[in-house]
Each structure stands twice: as structure tokens, then as C-alpha cells.
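When the chains are written out, they are named A, B, C and D in that same order, and each has its own residue count from 1.
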Amino acid sequence: MSVMKKLEVGILGATGMVGQRLASLLENHPWFDLRWLGASDRSSGKKYAEACNWRLGDAMPAGARSLLVNDCVPDGKAPQLLFASLDSKVAGEVEGAFARSGHAVVSNSSYYRMERDVPLVIPEVNPGHLALVRAQRRERGWSGMIVTNPNCTTVGLVMSLAPLDRTFGLAKVMMTSMQAVSGAGYPGVPTLDILGNVIPYIGGEEEKVEAETRKLLGSLDADSSHDGHVKSGEFAVSAHCNRVLVEDGHTETVSVALRSKATPGEVLAAWQEFQAPSEVRSLPSAPRRPIVIRGEADRPQPKFDVNTEHGMAAVVGRLRPCPVLDYKYVVLSHNTIRGAAGAALLNAELMKAGGYLD
Amino acid sequence: MSVMKKLEVGILGATGMVGQRLASLLENHPWFDLRWLGASDRSSGKKYAEACNWRLGDAMPAGARSLLVNDCVPDGKAPQLLFASLDSKVAGEVEGAFARSGHAVVSNSSYYRMERDVPLVIPEVNPGHLALVRAQRRERGWSGMIVTNPNCTTVGLVMSLAPLDRTFGLAKVMMTSMQAVSGAGYPGVPTLDILGNVIPYIGGEEEKVEAETRKLLGSLDADSSHDGHVKSGEFAVSAHCNRVLVEDGHTETVSVALRSKATPGEVLAAWQEFQAPSEVRSLPSAPRRPIVIRGEADRPQPKFDVNTEHGMAAVVGRLRPCPVLDYKYVVLSHNTIRGAAGAALLNAELMKAGGYLD
Amino acid sequence: MSVMKKLEVGILGATGMVGQRLASLLENHPWFDLRWLGASDRSSGKKYAEACNWRLGDAMPAGARSLLVNDCVPDGKAPQLLFASLDSKVAGEVEGAFARSGHAVVSNSSYYRMERDVPLVIPEVNPGHLALVRAQRRERGWSGMIVTNPNCTTVGLVMSLAPLDRTFGLAKVMMTSMQAVSGAGYPGVPTLDILGNVIPYIGGEEEKVEAETRKLLGSLDADSSHDGHVKSGEFAVSAHCNRVLVEDGHTETVSVALRSKATPGEVLAAWQEFQAPSEVRSLPSAPRRPIVIRGEADRPQPKFDVNTEHGMAAVVGRLRPCPVLDYKYVVLSHNTIRGAAGAALLNAELMKAGGYLD
Amino acid sequence: MSVMKKLEVGILGATGMVGQRLASLLENHPWFDLRWLGASDRSSGKKYAEACNWRLGDAMPAGARSLLVNDCVPDGKAPQLLFASLDSKVAGEVEGAFARSGHAVVSNSSYYRMERDVPLVIPEVNPGHLALVRAQRRERGWSGMIVTNPNCTTVGLVMSLAPLDRTFGLAKVMMTSMQAVSGAGYPGVPTLDILGNVIPYIGGEEEKVEAETRKLLGSLDADSSHDGHVKSGEFAVSAHCNRVLVEDGHTETVSVALRSKATPGEVLAAWQEFQAPSEVRSLPSAPRRPIVIRGEADRPQPKFDVNTEHGMAAVVGRLRPCPVLDYKYVVLSHNTIRGAAGAALLNAELMKAGGYLD
């Protein structure tokens, strides 16, 4: 694709933590060219370098610095493809308005994720769910579309579960998360709340993880009349969500019950052999290995493993029998890359490769 | 008991973190008088104030400062009652030698906990298990005895489970811990290992929690021939243990399956009404309320709740249905007080009140 | 004073961090009775227990829980004596309005501190500066008054400097602070800004420390025409202010040049012998020892020393010769107690004892 | 130099934090080939991958993994050029033994730094001091040599001072450090010591900074009889050293008095224009800009700036007048790269380029 003209793209919610990650990941992207930024009234009209309190370790991409920040309203100037990392309070209205106006909105917000006609996609896991957009456009009369990625806590869990579900069938999933503060955005978690502390509650998070996991591992039942919908996976999911003093990387302890017997070696093999479909593997942001297994007794750890595969892998370890369900293990993923900005970017690449943006 | 002469006591392993907590808790104790300290060669012969790198926020008790530190060998000078907070590598030998020589050793070490004839006791939960010492002394030919308290991660879990087990019967228990660094002693966890990190592994911890929980909630089957032994509780326990950047307080997420149906109100009532037997309630270190329920959505938290009831309570919260088992909740307890020094002290008080030290 | 009726008091800015500390310190106060709370529109009309996101480790005082929160406008119902811990953006207007309406406002805000006719007072150091209120009331035509305490970073520094200034004379002062996050209020410092980081800048702080230090150690020049004003101390002060990952307690490294020669023993003696005037020593919140000297090589430290004298002392240590000025040392003080709420409370006690509230 | 054969090198103290950084920096080095590792008895005989508890975020270099770890004794098999990052307790003896046996020891230890005939070198600042090795070899009768780099706290300070000293002359320097935990090695600082705390003392550190700064900025007085020695800079230095909860990066507040007047613009220009001599600029590990100026009000910060120029720059900011001396500013440098491993590596490159290893 080296000679193709890059597709112009924009970011709705460009000044937030996920918006910053998106701007960073889009620097030098082979397919996409960041040309438009949208944010709240407070930022609109300023240059990105002035409007944005840049919080990433790497410097703000030079190309983005001088872009003007626009209001988040479809005025005909924004590019067709828009990444959206808006606060969930405004996401419903803003994303809907842009989709109605013909934009393809690749959203990181929770607002539309569980809608019957909105694809919730992890390209390595359920790329076919993208097909839901046909029903979405017809039923809603939208010339554009909305495609979503899961919550940052869901994504690592589901990537580690997908090969187990395919190979052995899932019956039950129990998950406890220890989530990084960057998941709450910026300014996000006050230091006084989390220094030397654990907060055993994140509003709405457990419900999202439980519902999204089942939709992502559900099956697309196509029928002639309505282009199909997703039938949720038939297994139970229980989530306990906690905030801990980590900057990036959600660590999750997981116990699973499987439908068919599996030895530890078979479980490891299922992870080892897990691959995305070939059309996904060739996407620019796809990790070479979606699942990386650490063999050490005390890994994965955020400090050492969060950037595995440029932050796009689910890193698993500590597989062992579970006295209550069948197996237990630990999974780690980067919450603002694999769990947000990178997830949206990979979805957009899948849409482009699949002809959804033509 | 106000006019009785105080019982002289000592500490084996006095310079460690738990030894320091013991020294602190024994200051002005109504029944016990700290008169003897034992530690490793490196400390022996020095005054406690010199030998000990005191790490607690409160100052070293004046009475302890000038005590000489002795070797941990039974030379006839140590008091009958000894608290033991030794490294598990030496605990087996040292505690055994003192018990053989007639000392009552109240141990915080894991070495003897799961021995068939050694009581593993939480006074509010299974005070009757103390009776195992009769078999222990006869079978081992010891003039003294060893009584143990559980691992710091077990104790909060079991206190929260005990009323559920009694009222509804336990079938399955799933627990994920987020453990404080003080649980690893001093110097313990290097800053470079845990700053901005989670360590999803603590050697041997999960096995201890799984086995101890079932022993503590087991039943003492007395019979004429051998003074009984403990039949472990007939439920499955699965533990995931993690280290997080907290100083004091182990936070645990718990899911349970119960043998008989219970409404949320009935579960809360079981916790609310849980009381120690009256002979335990009157012990000097017994918490007024062994279980304290927090009603806020985001509690308990180590920062706010770890010192509830002087660090002797199990603080529970967030009770809600579990899609996989029956209920899920959060429990917090102070790992070096309720989980170690305070646990041993309460056991010693129970032994004293029960006539085991006469 | 045991049988006197307690004086009713209120707090302007009751829901902030310093307001919470004030409410906590006023619980069971022997002279003052907390009966009135004021805060922003958002809180007004609610009970304190609902309006306030209580962040202190100890529980909210029972007496304060059910108090209604009022608007911060003088409507005739607030008590005469008001503690003010308002955001500096509104402090000027609100405090002025209350003082004009006859209230004695004991303020923690920086707004009026450097005004020529406003006392800036540390009772142990310059209680006589209170006399400025006479000029203040006459010149401004206020029936009430405003009395201020210094910035949280100034107070420990000045307490440690006062005996050196009196005994040897100060010529130069160089100070670098490592300040706790609670000094920025709540929500205050975002975790993402300070985790694993140092922020070498706190807006306006250095200027405050440099100016306030000289006013506090200045002399009151009374003359017949205008009731005097304060002549700033004739020494140079340079401050470097930094934020570090500490909850409570500002640690400061200090170098000083003295006007007359002093041996290390003489400097230590000056600190050791420093006492408040006797009328200050008997105030309920006065620390027994305003300056506490730690002899260990590595103290004071926030973790161990911040609560010395209930958080009302300046804790000094590490006195040694300075190759550039004369001596260098470390001083620590509790920024929300000695540096804010406790400072205001002690000022109010001084005002009460001095007849300023009659 | 692209076709030259790489020089074989080794590391004494290869398993420590600085040894790990050295191994990491030597991976793919254009001039040096890591072929030999030495460490304590405990590690010797094992492969590096087994002997070393690797603590860096990047993976252990493949080439180093299978190298065997040797004892730190000169047995004729170690390469001529050895990097030494030994504990100062053994550095004197071990480094001396290797130098005597003909090895060029590039040492990060403090043991020999202040010896009259041992070069203490920052290549950008005082490359000419290397010439001291001639006297060293003759006087000590060594066939090898020892060259040292400064303490991790000294290096950033001196890099920021060097242009000021050259341009305006230094009269007085006051520095307060806020030092990262990695400076204490591994396991190093216990979490219980530093969580939520500041430790205002690091043993021996202040003396090192004060003496090394003056030696580094001193002048080499060559004379015919003894090949010269270094005359320390004639200015006073006072250091206050503190440990804070940062992983990598020492932040320092600095005040300076200059011998000749300078405007702020002139000071900034002195930093901006500062360059290493051309023979240093072309060394593989030399930073493009030895001093990087940040213009923001709140920078440099470890989180954002520590890796500037691959961790080899001194990052300065916040230049402003000092009411006590002339100017004050903040400087940050990476303590295990610029302050240790990178410093030694750059010294070795300077030695190689200068013909000292032929």
C-alpha cells in the first residue's frame, strides 16, 4: 500500500489522555494522516500545543502541535474517519451527530458499545462483527457509522479468553482487576485518594466488563431480514474492579471453568497458537503476537511487561489449576494503548482494509 | 483481674516488623509484662534500642528500649510465655526447642500451622481448636506447647467467611488479595520492585490461604483415643495473591457460593450479628466488633479503614450478587496487627483465660 | 477557664482539606464550639456529612455531621469568630465582607497576609504583631478584623529561624522545600503528575515564603500616629519549592548565615531553649515544645516525625556547618496542621486570650 | 572507525544495577564488545541470565545472557578494558589488583575518585584531566590504570556549572538534591522506608558532591617533575542530599554566586552555547546537546525529562535571580545513565579515542 494516498483522519476529544495517545500513535502512521482535532469549547480555536496539557513521556508529535482545535460539531470540515475519545456524558450526542452526517466514528466511549446494531470489536477476536454496521446504517438512516472498542479492562481479559473459548468452550469467568490510574484520564485520580491505598470500586466498570466480554465472544447470527445481530456468549462473567497505584497497565487475576477438559499444556498451546486472521495480522498496528506468555513465576508485571508488542499484546502468565473453577492465571494489558487508543486505531485499520471506508 | 500480678512474657524474633508490633502492643498490656527479647546472633547482647531498626510510626516503648536482646535458645531464663515471630527458615527448630523446654510458644510462623496436632486459632472463630494442645503435648512429649495464628492474608478472609459458613454453609470461595508491603517484613520489598507496579505472586501464599482457611473453619472431632483432630471444612478455596504499593492493610475481593439460599439482607445480618463467644469478647485485645460493615460504594480502603477497632477488625463492604458464584464482596484487615502481632496476642490472652498457662 | 461558656465559631471553606482539619481539631475544643459552616454554592443547603468528601483518616466529628452548610455571605447568622480556609480567588472578597460586618476572621488564605495593616502571626514567634488590628479596624472602618497565619511552607522555616534570629541575628537564609501533596488541597495534585516524579515548581510559593519570613521576623514599630506597622527583618531569603510524593509534611533543607558567631552547641541550645511567651504556652493548642530536635543522622522524616506534638511542632535535625553560609539543617512541619488549620486555631486562641474577641 | 575490530571489554560488578545498565548500553556498541563479566562469589560460575536479577525495563541483551560470570580476580583472562561498578567496600582492592595487572579500569566507584593521581572525568567538562594517568602509572608502578567518573549527584550539577564557571567564574554553589531510589542499587531502598516519605540523608553523599565538584572544575597544573595534578576549583560548595520516591533521575535545586556580573540572558546563552570539545562530541555515547534548557515554568521533571539525549544530558530550567546568591535554577540528570553507566562508557570512549588503550 506504500503508494496510496493517506486517508485524512481526525480526533474527537483530542486533548484527553486517550486523545493524546491517539495523536502519538498516528504520528507517521502508514495509512492515516492526522489533520483535524476536536475538543471542548475551552480548547476550541487554540492550537493543539496550547490547548493540550500533554502528559505522555514522548514529546507531542510535531505535526499535531500547530493543528487548530475545533468544536465537536459536524460542520462539513472534519474528515470522514474520526477517532472518538470523548467523555461518556457527551459521547452519545456528539458521536451520533457525526455518524448521522456521514462520518465513520471509531469510538472508545462506552455509550454505544452495547447497542444491538453497533459493532464492538477486537480485530484479533471478532472481526466479523463489523458487519453489524450494515444494519446500523439502514435502521438508523445514518450515512456514516459508529464502531466501538471495548473498555480498557475488558480487552486484555477477552484476548486471553478467546483462544480458550474457541478450543475448550467457556463456562464461567471470574476476574479481579488492579487498574492503573491513567484509565481514569487526566486529572483523574487525586493523589490523596490513591497514595498508599487501594480503591476497590470503579463506577460502572464491573457491569461493562461483564456485558462486553459476553458480546465480544458472542456469535453473529446473520439472517436475511436484518443483517444479523450478536448473540452473547453463553457463559457467566463476574468482575471485581480495583484501582491501584500504577501509571499504565491493568493487571487481572482470572479463574475460568471450561466446557471441555484441558491439560495445562493444552491451555498454553491454545494461547501460543492463537493468531488473528491473516487480514488482521497484516494491519499496521496489529501486534505480531496478540498473546505473549511469560514463563517466570512472578510475571506479567506492569513495570516490565506493559509495553510488550508496543503495548498491543495481552501478556499472560502463572497458569495453574484453580481449586474452584478449572484454571487460574494473570493477564496484563496496556490500558491506554491496547485498551483505548491502540484498540480504536486497529479497528479503523480493519475498517479500511475491509472496505468500510470506501 | 485488676489486682493479679502480670505474667512475664518474651518475644522470639523481637527486631523484625512483627516483633516490633508485638512490643508496641504489649506496652501497658493489662495481663502481660514484656521482660525478655530474643533475636538473631547479630542483635544478641545489645540493648533493644540499639539492636532494632524501629520502623513503626509510634516511638519504641520506653520499657523495651533497655531490655537486652538474647539468643533464641532455651537457657532457662526466658519466661514461660513466648510470642514467636521468627523467619520461617528457623521457626521450626527454635519454636520446637522452646516448646520442648516447657515454654508456651504463641507463633506467627507458618511452620507448624498445618501440623495435625497444632492449633491454628482465630479466637472469634474457632477458640475450641486450642484443645489440640493436649494431643500435641502427649504425642510429642513436650512440657510446653505451640499455638499458631493464621497467615496475614487468611485472617481477614476467614473472619468474613465464618458467619457465612455457620449460617448458610460454604461451598466455594474465590479470593484475590492486594497485599501491603509490610507483610514482607523489613527490609522486605525493594522500592524498585513495587513503585508503580503490581507483583502478581507471593511465594507460598496462595497454598497457605487455601489450606489454612479450611482448617480454621473445620470442626474438631474429639474422640477418646487421641483428643481429637481438626477435620477441614468441606468447601473449595482458590486464592490469587498480589503485592501492591500499600504500607499496611490487605484488601481482598471475595466471591462465595453458599450451601443454602440467602438474600443480601440475610448475609449482611449474618455479618452484623456475628460475635465472638463471651469468653473471647472479654479478652483485652478483642475488638468490640470483629466484623465492621462499611456502607459506602467504595469502601473498605486501607487508607481509611485499616485501623478500625485498633486494627483488630475485618472490615467488609460492597456486598453484591456474583454472576458466577452467589455473592461477592471486599474485605480488609490490618496485616501486621490482626494478621500477625495482634492475632498472636489475642491467642495468648485466650490461652491465659482458658487456663492453658497455669 | 473550665466553667466559661464556649465561644461559638464557624468555618468559611469548611469542605476543603484545611476546613476538614479545622473541623477535626475543633472537636472537643475547650474554648470553641463549632456551630456554623460555610462553603461554596455547590455545598450550601446540604448537611456537612453530605456536602463534604471527607478525606482524613479519622472519622468526621459527630457534631459537625449534621450541621447545615451555608453560603459564604454575612447574613447575620454566622458567629463572631470565623476560621477561613477559602480558595485565594475568593478569599479577598469574602473575608473582607465578613470583617466589615463585624466578624473576626482568622484566615489561612494568602490574600491579606502581606497587607500593611494585617497581622501575620505565629504565636510562639511574633504574638505582639496582633496589635496591628487596631490600625486595621480604624483605617478600614471595619467593626471586625482579619488575622492571618503564614503559608504552610513558611511556618516550619520561621519557627526554626526565630531562635537563631533572636540569639545570633540572621543575615541570609536559603531554603529548599519538598512539599506534601495535601498542601495543594483536594482534589489537588493528579496522581499522573506526581507518581514517581518531583515537580520543581509551585506557583507563587517561593515569593510567599520569601516575603512572609521577613514579615514574621520583622519588628513592630509602634508610633503615636498610626498604631505601628511591621518592619520586615533585614536579611535575605531565597526559596526553592518542590512537590514530592508525600501525603502530609513539608521537609525543608535550610542554610543560614548568622550575624554573630555561633558554635554548633550554641545553635542547638538556642533551639532547645526556645519557648513561647508564657501567655502562649498556656493556649490549648500550643505545643509543649515548639521546636523538637531529632538527634539521628537521617531525621526528621515525614513518616516518623510529622505528628510530633500533635503536628504542631517544627522538628529539626542534621545541624552541621555549611561551606557556603554558616550552618545547614533540616526542618519538618505538618503542612495542614501547623501549616494551616492548627496555625489558625492557635491564632484564634491567642486572640481570645488577648481580649481581641471581647 | 567502521571497519575497526571492536575492543573486547568486561564488567566488574556485572549483576548490580549499574552493571546491568552497562550491559544494556554496551549492546550493539560500535567500538566495544562485551565479552567478560565479573561479580561476587555468589554469582560466579553461573550464566549471566541466571546470576542476575535483571531489573531494567528492556530485556537483558541476548549477547550477555549466556556469558559466564567470573570471580573478580585478575587471572589473565579478563579483557584489557574493564568497567567497574563494584560496591565501594571491595572496589579499592579489586580495582587496584586489576590496574596493577595491566587492566584499564573505568570505575564508577568512589574509592579512588579523590586520589591525587586518579583522573575524575566528565568528558564534556575536563577531558584533559585524563593525563593524570601518566603520573598514576609511574608512581604506583601499575601497568594498567584507573579512571573514574563522578558520583551520580555530582555529574548533573557540574555539567550545569561548567559553562557558568568558564564564562563568569564561580564563587559559591548551594545545592539540594532530590535523588531517585535507583541510586542506591538493588535491593537498595526498602519500600517501607520511602513510601510517602522523604529521607533527608544519604551517607557520605554530601561530602562527595562537595569535593568532586571542586576537583572536576579544577585545573590541571602540569609541571616537569610529576606530570601535574589537579588544583581544585576555588569556590565553596554546599550540598543537602535527600532521597525521594522517584525511580530514575536526580533533581537538584541550585543557587550560585558568580565572580563577574551576568544577566539572565547571558547565563542562558552560556548554557545554550556550551559544547564539548570536538574530539568528545564525536564519541559514540556523547549527547548531541550536553545541556538542554526547558522553558516551561515547572520543568525539568524526572517523569518527562530524564531520558533527554538518551539519558546523557543535564536538563536545566527555572533560571531566576536568587535573593541570597546571584541565580537559582533546577537541574536534572539520569542517575544510572549520565550518573554512572553512561558516564563510565563515555570515559572509556574518550580513553580509546585519546590513545590511552593502545
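We adopt the following convention: a contact is a pair of C-beta atoms (placed from the backbone, for glycine too) under 8 Å apart; a residue touches a chain by one contact, two chains touch by 3 or more.
What you are looking at is a predicted structure, and each value in this text was computed from that prediction instead of being measured.
Note: the chain lying farthest from subunit C is A, by mean C-alpha position. More inter-chain C-beta contacts link the pair A-B than the other of A-B and A-D.
Subunit A and subunit C have centres, each the mean of its CA atoms, that are 48 Å apart. Distance between chain centres (mean CA atoms), subunit A to subunit D: 43 Å.
Chain contacts: subunit D has residues 195-196, 245, 247, 303 touching two or more partner chains. Residue ranges of subunit C in contact with subunit D, taken from their complex: 172-174, 176, 178, 195-201, 203, 210, 236-238, 240, 242, 244-247, 251, 253, 255, 297-303, 317-318, 322-325, 328, 330.
Interface residues of subunit A facing subunit C in the complex, by the touch rule stated above, are 17, 55, 181-182, 186-196, 245, 247.
Interface residues of subunit B, counted against subunit C in their complex, comprise 57, 195-196, 303-304, 307.
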